[in-house]
Each structure stands twice: as C-alpha cells, then as structure tokens.
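Pasting a structure below so you can have a look.
Labels A, B, C and D are assigned to the chains in the order they are written; within every chain, residues are numbered from 1.
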Amino acid sequence: MSIFIDKKTRLVVQGITGRDGAFHAKQMLDYGTNVAAGVTPGKAGQNIEGIPIFDSVEDAVKITGVNTSVIFVPPAFAIDAMYEAADSGISLIVCITEGIPTQDMLILHDYLKKKNVRLIGPNCPGLISPGKSKVGILPGHIHREGNIGVVSRSGTLSYEVVYSLVLAGYGQSTSIGIGGDPVIGTNFIDALSHFQKDPETDAIVLIGEIGGNDEQESADYIQENISKPVVSFIAGKTAPPGKRMGHAGAIITGGGTTAKDKIEKFESVGVPVATLISKIPGLLKERLG
Amino acid sequence: MKIHEYQARKLFSRFDIPVLPGEIATTAEEAEEITTKFKVPVYVKAQVHVGGRGKAGGIKFAETPEQAKEAAKSILGMDIKGYKVSKVYVVANDPKLIVTSESYLGLILDRGKKAYCFMACAEGGVEIEEVARKTPDKIFKIWIDAAVGMMPFQARKLAKFLYKDPSMVKQASQIAANLFKLFRCLDASLAEINPLVTFKTGAVCALDAKINFDDNALFRHSDITEMYDPEMETDNDRKAKEMNLSFVPMEGNIGCIVNGAGLAMTTMDVIKYYGGEPANFLDVGGSSSPEKVKTAMELVSSDKNVKSILINIFGGITRCDDIAKGLLIALETLKDIPPVIVRLTGTNEKIAREILLQKGFNALSNMEEAAKHAIKVAEGGAL
Amino acid sequence: MKIHEYQARKLFSRFDIPVLPGEIATTAEEAEEITTKFKVPVYVKAQVHVGGRGKAGGIKFAETPEQAKEAAKSILGMDIKGYKVSKVYVVANDPKLIVTSESYLGLILDRGKKAYCFMACAEGGVEIEEVARKTPDKIFKIWIDAAVGMMPFQARKLAKFLYKDPSMVKQASQIAANLFKLFRCLDASLAEINPLVTFKTGAVCALDAKINFDDNALFRHSDITEMYDPEMETDNDRKAKEMNLSFVPMEGNIGCIVNGAGLAMTTMDVIKYYGGEPANFLDVGGSSSPEKVKTAMELVSSDKNVKSILINIFGGITRCDDIAKGLLIALETLKDIPPVIVRLTGTNEKIAREILLQKGFNALSNMEEAAKHAIKVAEGGAL
Amino acid sequence: MSIFIDKKTRLVVQGITGRDGAFHAKQMLDYGTNVAAGVTPGKAGQNIEGIPIFDSVEDAVKITGVNTSVIFVPPAFAIDAMYEAADSGISLIVCITEGIPTQDMLILHDYLKKKNVRLIGPNCPGLISPGKSKVGILPGHIHREGNIGVVSRSGTLSYEVVYSLVLAGYGQSTSIGIGGDPVIGTNFIDALSHFQKDPETDAIVLIGEIGGNDEQESADYIQENISKPVVSFIAGKTAPPGKRMGHAGAIITGGGTTAKDKIEKFESVGVPVATLISKIPGLLKERLG
C-alpha cells in the first residue's frame, strides 16, 4: 500500500498543453503513472505524448475513467479548474499552481470537504508512491520503494530528505509535499493519520519550517494518535524574524512560530528533530532498530 | 503588497469608515497650503512602508501653516530605515476634537482555522504584537466564516468589547462591518485601525489606517495595483520582483542561489551550522528560466561582501539544465563575479552537468559538502 | 414579485446582458415617436404580468411609425386575462438582424438540491414547462453552489450545450455568468431568457426577459420594490397583500377563512370530499389580528357566489380570541354577509368561545362537521 | 424517549420581548418546557415571566446553560439570530420566523451542517414531545404522550391530525412541524430516520402537501430504511395548478408535484394515504394491530 495514490490512480492533467503541464505529463508517464487524459479547453482531439486531450474534465472522466487530477493551469484559472475537477467526479486533486488568491481557497476548502474530495496543495510539488505512481513535479528517479512516509511543506527540501534517505538505504511508501500557502487542502495531520493507517509505512519523516503553527498542532496530534516512529526536520533556523522568506507559509508571524519554538515542541512530545538533513536516517535507524 | 497610510485612508473613506481630513504633499509649500486650508493644527506624517516612523522623527505636530512647512521640510528627504521620504501626509488635528479613548481593531486571515480573524483591543496606538505576546487576554478575537461573511451579532460583540455607550457600540459595529467588507472586496491580507479613537463629542473615528493586500489576488484589483509605490523598493527589490525571485539580503559573506523557499532556508541553516554566514536568502522559484538565474547572479554579486556564491539546486519543476545555462550566461555577461560553487541534483541533472563540464565546471551533488566548500572558498580557500 | 418585460430588460442591460433597444409608451403617439426615432420596424408589446400575450393579440409587428401608432392604439386598454393594458413596450426590430437560432436559458432555485439550477434548451421561444414535461432530455441542467457561485467552467458548459461556434460560446458564457450575477445580487426567484437568439452577424442576444423576485428579500432591494406595478393587481389582491393574507379566488360557493396554508388546502379538500365547492383559498397566516379577520371577511363576501362562509381555525400562533374579535367586528361593520359557520380549536379557544357565545354564536370543534354544515347552509339549509 | 427535544432541553427564546416571543415564552413555560433564558439585545437584566433576559446568546449559554434556541425575531434579523445561536454553542435551533430570504437560507444551511447544529424551520410551528417539552407555537393542550411520531410541513394541519389521533386514543412521542419554505433545516427524511431509531415511537404519520418532491423522496427513503408503520396524508387535492397557495412550499411547480402524484408514490411503496384526517387513526390501527 501507500497513501492517496497507487497503481489504481488514473490521472488527468489539467493544463496539459502549457510548458510545465506538457513537460511533467511526459515525466509522469515515463515514471509509470497511468496518465490517461489531459484537459485544455478548445484543444479536444489533440494529444501530447499519446495522451488524449479533452475540452472538459467531465469528458475525460466519462471516456477515460480518470479519478485523480493534477493542475498546471495559470493561477487566474486554477480555482475554476479545481471546481471543475471536483464537480466531474475526481476524488483527488493535486494543485501544482502557485499564486492562488487566499480568499478563494477558503471557499474552495469548504466545498471540497462537502463534496468529499481531497486536495493536495496548491503551490505544492505533488506526491509520489515510488514504484506505483507519481502525481506532480517531484523528480521520480531519486525515490525508492520502501517503508518511510515523508511529508513536507517544501518541495525541494523533501527531495533533499528523500535523497539522504535513499543514500542510507531507506525507501518511501509515499512522499508528499503539502505546499506552503496559507490555506492548503491536505495538511500534516491528514498525512500523519493516513500514514498511521498504512500497513506499508513503518516510520514517518515530517519536514516543517518557520511560520504558522501547523508543526505544533502536528506534535499534539502525534502524541495522541501516532504510534509509529516520527522524525522531524525544521527549516529556517537562521531566518531573521519578520522577513518574508519566499512563500507565505514561511513568515514569522509572532510568538511561537520560530524554528526554535517548533523544535522544542516536537522534542517535548518525543519527536527528535534532526540538526542536519543528513542526520535524519540515523535518527530513523535508532527508532526502527 | 503594502500601501501608504494616505492610500489606506482613502480606501477607508470609500468604505464609509470615518477618518480625519488629510491630504498628501510632496513639497513643504504644499504642506503649508493644506494646513492653511484646514484652518486647524495638523500632523505631518512621513509616508514610508515601515513601522516606527514616530520614533525616527517622521511624524511632527504643527500648530500653524508655517510650522507645517518647517515640519514637512525636515521630514521630506529624510531616510527612515533605508527608505527615502518623498511624500508627507498632512492630517487635520482639530483641537476641539478631544480624544477620550484609543483602541485597536484588526482583521487578518487565520490559516489554522481557515477563517478571518477579527481582533479588538482596548489599548490602541501601541504595538499590537507586543500586547499579543505579553498580555494575550487583552485581545478579543472573533472568527468569521468565509462563505457566511461577517454577521451583525459579531460586529456588535467586537464593539461591545470596546465600548459601553450604545451610540459608540453602534458606530463601532458599523466600522467593523465596513472594515470586513473592505477586506473581502479588495482581497486584503491585513487591515488595521490603530488607534480607533473616540472623541469627547461621542464620535468614533479611525486615526490611522493600515492595509496589506494578497499579492496573489492583485490581478483582479487594478485600482489597488495602481497604488503601488515603486519608491518603496530598492533596485534589487525591483529586479527580483520582475524575475519573480524571492530575495532577502543579510549580513554574511556567502551568497546563496537556491530553488524552493524551504531548501533556501535550509541552505542558510547548513552554512551557519558549519560556521559560515549566509549573505542572503534567494529562491529562484519553480519554473525557472536561464534569465532568472542570470538576474539572481546579478543580485547576489551586487553585494560587495560576498566572497563566494553557493548555487544549490534540487530539480523538480526547476530543470537543472536551465540553471546551468543561466549560470553560463551570467558568467559571460557579468563582471566581478565571486567564485561559484554549484550543487545540482534532480530533473535534467545529467544534461546540466554536461553543459557545465563543457565550460570546465564540476558540479557537486551533496549539499553539505557544497556548503562546506563555499565556506572554505569565502575564507580564501581554493575553488 | 413579478415585474414587466421592459423592467426586466432594463435590469439585463444593467448586468451587461445584450438586449435590443426598446422604450415604454403609454399612448399611441409615444409609440409612434419611439418608432420614428428607432428608424426600423418595431414590435409593440403589451406589458402585463401574464403569459400568452401573443395569442391574446397583445403583441403586434409594425413596419412604420404609423403602424406602430395603430398597433399601440389597439393594444392599450385591451383586457388580457383580466389585466388592463396601460403600457406597451416598443422594441426595435432591425430587419438586418436575421435570427439564426432561438434557445432558452433559465435560472431557478432547486429546493431539493439546495442549490441554484441553471437550465439551457436548444429550443427557445416555446413554453419551457411543456418541453420539460414531454422531452426532459432536451433540457440541460447545471447546479450551482450558493457559497461558491457560478464558475467559468459551468458557464462554458451551458454555452457549449447551445452553440458550437467559439465566439457564440464565449458570448453565451458571459451572458450566463451575468444572469447568475443578476439573480444573486437582486435575490431573484426566477430569471429567464426565452428566447436567447443568435443573429446572422454572429451576435448572441436576449430577445425577451423575465425575472421574478423573492418576496422575502424585497426589504433589501428598494430599487426592485419601486418597480412594483399596482395596476397588475385587483382590489382584492391589494387588500389581501396589505393585511398579509394569502387569497386565491376559485369557482365554488363556500367561502373559506383558515389559518395555515396546509389546513386551508385541507379545508378545501374536505368541502370537495363531501360534495361542496370551495369559493376560495384564504390563509390568514400566523400572528393574526382582528383586523386581518375583518379584511378576510370582506374579501370572501365580496364574491357574490358565496352562499356560506366556513371559518376554520386551529390556534397555534394564531389566537382563537383574535379571530373571534375580528369576526364580531366584521359582522358589525360589513353588510350582506352570508351565513358564517365557525370552527375553533387551540390557543385561547375558551376565551374565543365565550366571546362568540355572548353574541349568540356557537362555534363547532370538529372540522368535518363544520364543513358538512357549511355545505348544507350553502345549499339553503338552516344555519 | 422522543426526538430532538425532551426533559433535558434547556431553552433560550431569541426575541423574547416581542409580542409573539413573550406570549409563547409563557405558553412554553406553562407547558413545562425548561425556558431558562431570553435574548433581546439591549434588554439584559430585565425578565419576562421570571425568565432572565440577556444581551446575547453567548451570555445566556454561559450563565444558564441553554442548549436549544427558539427564534421569534423579525425576518430581517432572524438570519443573524440563527448564526448567533450556532456560534454560541446551541445545538438545536427552532426558527418560527416567517419571511426569511431564500438565498440566505442556502448559505446558512451549509454552515449549520459544518457546525453540526440542527435547524427546524424556518417558518415552522416548532415541535413538541408531549409531557416532556414543547418548543414553538404548537398548542400544547391538544397533545398527549404516546407512541406515534408526527411530522408535517404545515403547522395547523399537524394540530388537526394530532387532535384526531388523541380522540382515537393515540398519543405522540414527538410531533414536529418542519415548515413549508423552499429551504428548510430538518426535512421529512431527517425526522423519519430519528423516529425509526426512537424506541418510544411505534408508528409514524407523515403529513405532506402539494409542491416540491420531498414527499416522493421520503417514500423512497421509507421503502429502504423505515421498518415502522408509516401512514400519510396529503393536502391540496383541490388546489388549482399554478396558483400560489400560501407559503412557497405549496406551489405546484410542474409535473410530479401534485397531490395525486404524491399519493400514488406513497401507495406504490406501501404507505397508505388517508382521504380524510379522521381516517388516519383507523389506518394506524390496522398497522399497529
């Protein structure tokens, strides 16, 4: 097993004719993902790398039976694309697009909950269940099949962690980048609860960063609900307070949101925090025996 | 996006939030004229996007038009935390309006609760972050559902937290409702009235105004985008913005060019861990193009303290070959570039390595090794 | 609340839905002048709140200003299904605009799905209820979530159901989006374009406009309330409305005054079951006052066919004593009242019975008995 | 037992100082309902019939521990009153007020669902669990404790039915008027499912009317989920099509919404429909033996 995606994932790429959409459709296809359809309004009948293109997600669902969508459309249209996916019977939406207005996300979040549709992102790298399926922009080749669940707010940082896990001989059940925007679909706690239930996951690496207090809430959740070993890493120890460091998730908004606060919180519930990424495998080894 | 106080006050007026009369002046003479017109004493306030204007001498009281002229003269051209003052806001300060209380009203988005958070505090005119940290109980909070919007009972609750007098409660309820409307209609990310005052007359009024906007939503608010003041950014800020780079200069001597905010922060952390000092935070973002890398190189090497540059790329949506191409263009076109240490892994890594190798560049693949090497080079070691 | 076609077209224009030029005339001369100004043939259309105007001769085509004058003369003053025509709408009908297709767009609220329902049909200009009944497959439906509003992909879907041409799809998407905006902003309960046409020029245009409004929301739309045309109701309608009564006249001879719509319908059903014919539906509503009952008596007895009146009250929020008091006032002040049979049960029943008994009235307590008695009295039996 | 309200119901009356609010507060109190508080902004400290008045529902909840609210405030303020109740920890809202804008109800409906708050109404008479509690404007004295669950779109019609049940010796577990507006909180199916689970309810009377197709949906639900006997009554057999008969629920909107359609549908799933209210007890007797 794995979480959220596996061999049964049938993918539609929304915005498949754009630069990034086309490139990553091929990358996913090459990785072995079942990329069954693409959608770009007005381009029905064409194809990219043999992937048939449809005018609407509804058509793609009807004809190809896709159940998962990955979104590469520009920010001004991404919200529409997500509602379209949700209304067309897609059960998992992975939104790569960056720059979606926050207020739109609030309304979308409630709607997807009502419709029982899972969203990963926006502004995220997607996720990969090595050997099974990859949905998003993660570099497939660095991942290996295995028993570690990885969840991160940051894309490249999670690659770095995965890279060091693989060097140490650890594969991943699923590695998921949840995105760094203020309002996201799937959060740390969602991922943790799924990893806990997944029989193929034996331990979890949680990669946090400064800003917000999702890490603190996760720490409380771990203490209550997670019996599998969890190892953490927090980015932003040298970030000056008040300065904006890239995406919105990385603003220090006040007391309690610094790297130090988060590290202390995790350690208080027995979750070790690695000082360097290269030290994560060692901490896992201690716990997995 | 940030806007000036005078712009925020204009928006307040548009949404029927009462403010005192004020006008903008770019010369001392204009400040004098405005004061003459107002016929009352004024405050002359520097318009810059930073806090602590008062402490820096950027806010002055003037009894007469002549004093206003003098005040404007001394403030215009002033440097406040690196920002040059080119505009002052002249605000009427009628001595008959006696302030009887100062409080705080603020609206932000609570990412955890996925709702708007409206805050009220009976202590106004002070730094609210300070209050939040030291005496969180003094801040009254209400959460507002996005689909529902602000309900009258919520506005009433906020107003009642601040005032007992029924007329003041009514006025403050209306102000809170209007501030919410402004926030929603204009896609704000922060809207603050600090202080919200009451006068002896019984009127409630916003004495200051602060609004920040959600950058992601600016595409649908051309009127807000027009409020953007290019004077409020450095040349480097502008260059970074044009190329959609995230760039924050710091004190150290090792320049960083990284893809992804998380990895960029980690790169700085690693440099620090091994005893070095990062000179900046720079995230080239996702979908990177060679031009972006060239601009990044320009930004980083413009800091003369920089003794080595560490390019740390883990390719996902970023393609390593784009980075390699951009680096080569930068090396060909820019002068006085400090030694560059490159670390590449991920999407199109192989092509990138080939490109770089043709120019004699040997890219590393381990981040920590690359960071240690960059520190050594910055300290004068060989590349 | 219903409004006229010309008013609905004005609202369409306000929300950027394309319509043909048209103006309202209350005299034949005005119709002539408008046609002269338009310089093209026109349609002269009676403005009344009922369907089937065309069949009744209330819509006429006029080639020249003179013909328009004649048409207006014949239509103004006409009686269409009980409504007197006092206004005609003169709509330009440029012969160069050749209609190439007619379809239907309509928006209502789906109570079951608790969402807006947007309907499109490639057959326009026909009775849509007919189509819905006979060939439901021809109607394409989309449901719109209230919190989310209409999304571009939904507008596109509707437009694509009607048209193949990309420009028409684009125009129709915009029209659908704007119609939704109108519905939401103005608290409509129905908004229809029938027909939505395409011209040979490629333009998409609303040829007719129909909008009904949610009566419950009129309090926040004074501009809509002002559109109310008092000519479109009878004296009885007006009286009922003023007193907040629900009154629908029918063909029978037994007047009914009941509290609650469900009980009022059941009272009619019971009369029918025992072989009588109800003369009306009348619900005095919840919180009833004596004045309401008096007005109800006035309305019911104004129908000269009524041979007996059955007052059937089961008190809840309605208090039986209010009903009794109202009845006594009515009996004292109104003339030529048919015999009244009263049935009372529920809140304040005892006080009510005492009030009535003082005037010699013996109220029944069983509805079916009361109905049977009312039938007997209507047929000439003793009270 | 009973459904939705019982002896544990602690009631706050919103709009208690209005004509209807004050009158029915006393009526409910007299019936034995635990009317613990009233709310009218600006009138805190006063009382009606000994019921203390508060400025806000929050204050009423804090001080008196109320868990149920009944709303008598005018339509322009009723929506605000319902949100206030929901946000203050009330778990059951009964809205008597008539004339609430339909679009407002759509948004409210989703919000209450998210908050897990039950709404009965608006534009409804409320409900009564005889001998335990009465919330609303129903005439208490006509009801008797017993084992029949009654649910109706119309208030007065349900009183009529209850009256005939009592004459025949049947008491009620709970009688509930769900209201006739286009968008309501609790519907037939909600009430049916609760009656099915209630051990004190042995049979159910469902009172429908023309307009909409809630009755048809209930018929399908009964066939699938309800094992207890159900007897029905439908009002509006003589209503002319297209004419508006009082509240919005009673419009014949098109095919399939007439009394005849509804009667046929119920009979097709084995639910007998009484031709006269006085025949309901007989139909019940046949089924209950």
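Simple rule for what comes next: contacts are C-beta pairs under 8 Å (C-beta built on N, C-alpha and C of every residue); 3 or more make two chains touch, one makes a residue touch a chain.
A quick note: this is a predicted structure, and the numbers were derived from the prediction, not measured.
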When every step has to jump to a touching chain, what is the lowest number of steps that links chain A to chain C?
1
Interface with more contacting C-beta pairs, comparing A-B to A-D
A-B
Interchain centroid distance [CA atoms averaged], chain C/chain D, Å:
28
When centres are defined as mean Cα positions, the distance from chain B to chain C in whole Å is 55
Go ahead and note the Å separation of the Cα centroids belonging to chain A and chain D.
46
Where does chain C touch two or more other chains at once, residue-wise?
147
Name the residues of chain A that each touch 2 or more other chains.
107, 110
Sort out for me which residues of chain B touch chain A in the complex.
109, 111-112, 114-115, 129, 132-133, 146-147, 184, 187, 189, 214-217, 219-220, 246, 248, 250, 258-266, 268-273, 278, 281, 283, 285-287, 314-318, 345-347, 367-368
Applying the document's contact rule, which stretches of chain D touch chain B when the two form their complex?
41-42, 55-56, 58, 77, 79-81, 83-84, 87, 107-108, 110-111
For chain A, which residues count as touching chain B in their complex?
19-20, 24, 27, 75-76, 96, 98-104, 106-107, 109-110, 125, 137-139, 142, 152-160, 163, 180, 182-183, 207, 209-210, 212-214, 217, 235-240, 243-247, 249-250, 254-255, 275-278
Contact set on chain C toward chain A in their complex:
145, 147-148, 151-154, 156-157, 160, 166
For the complex, which residues does chain A have touching chain D?
110, 113-114
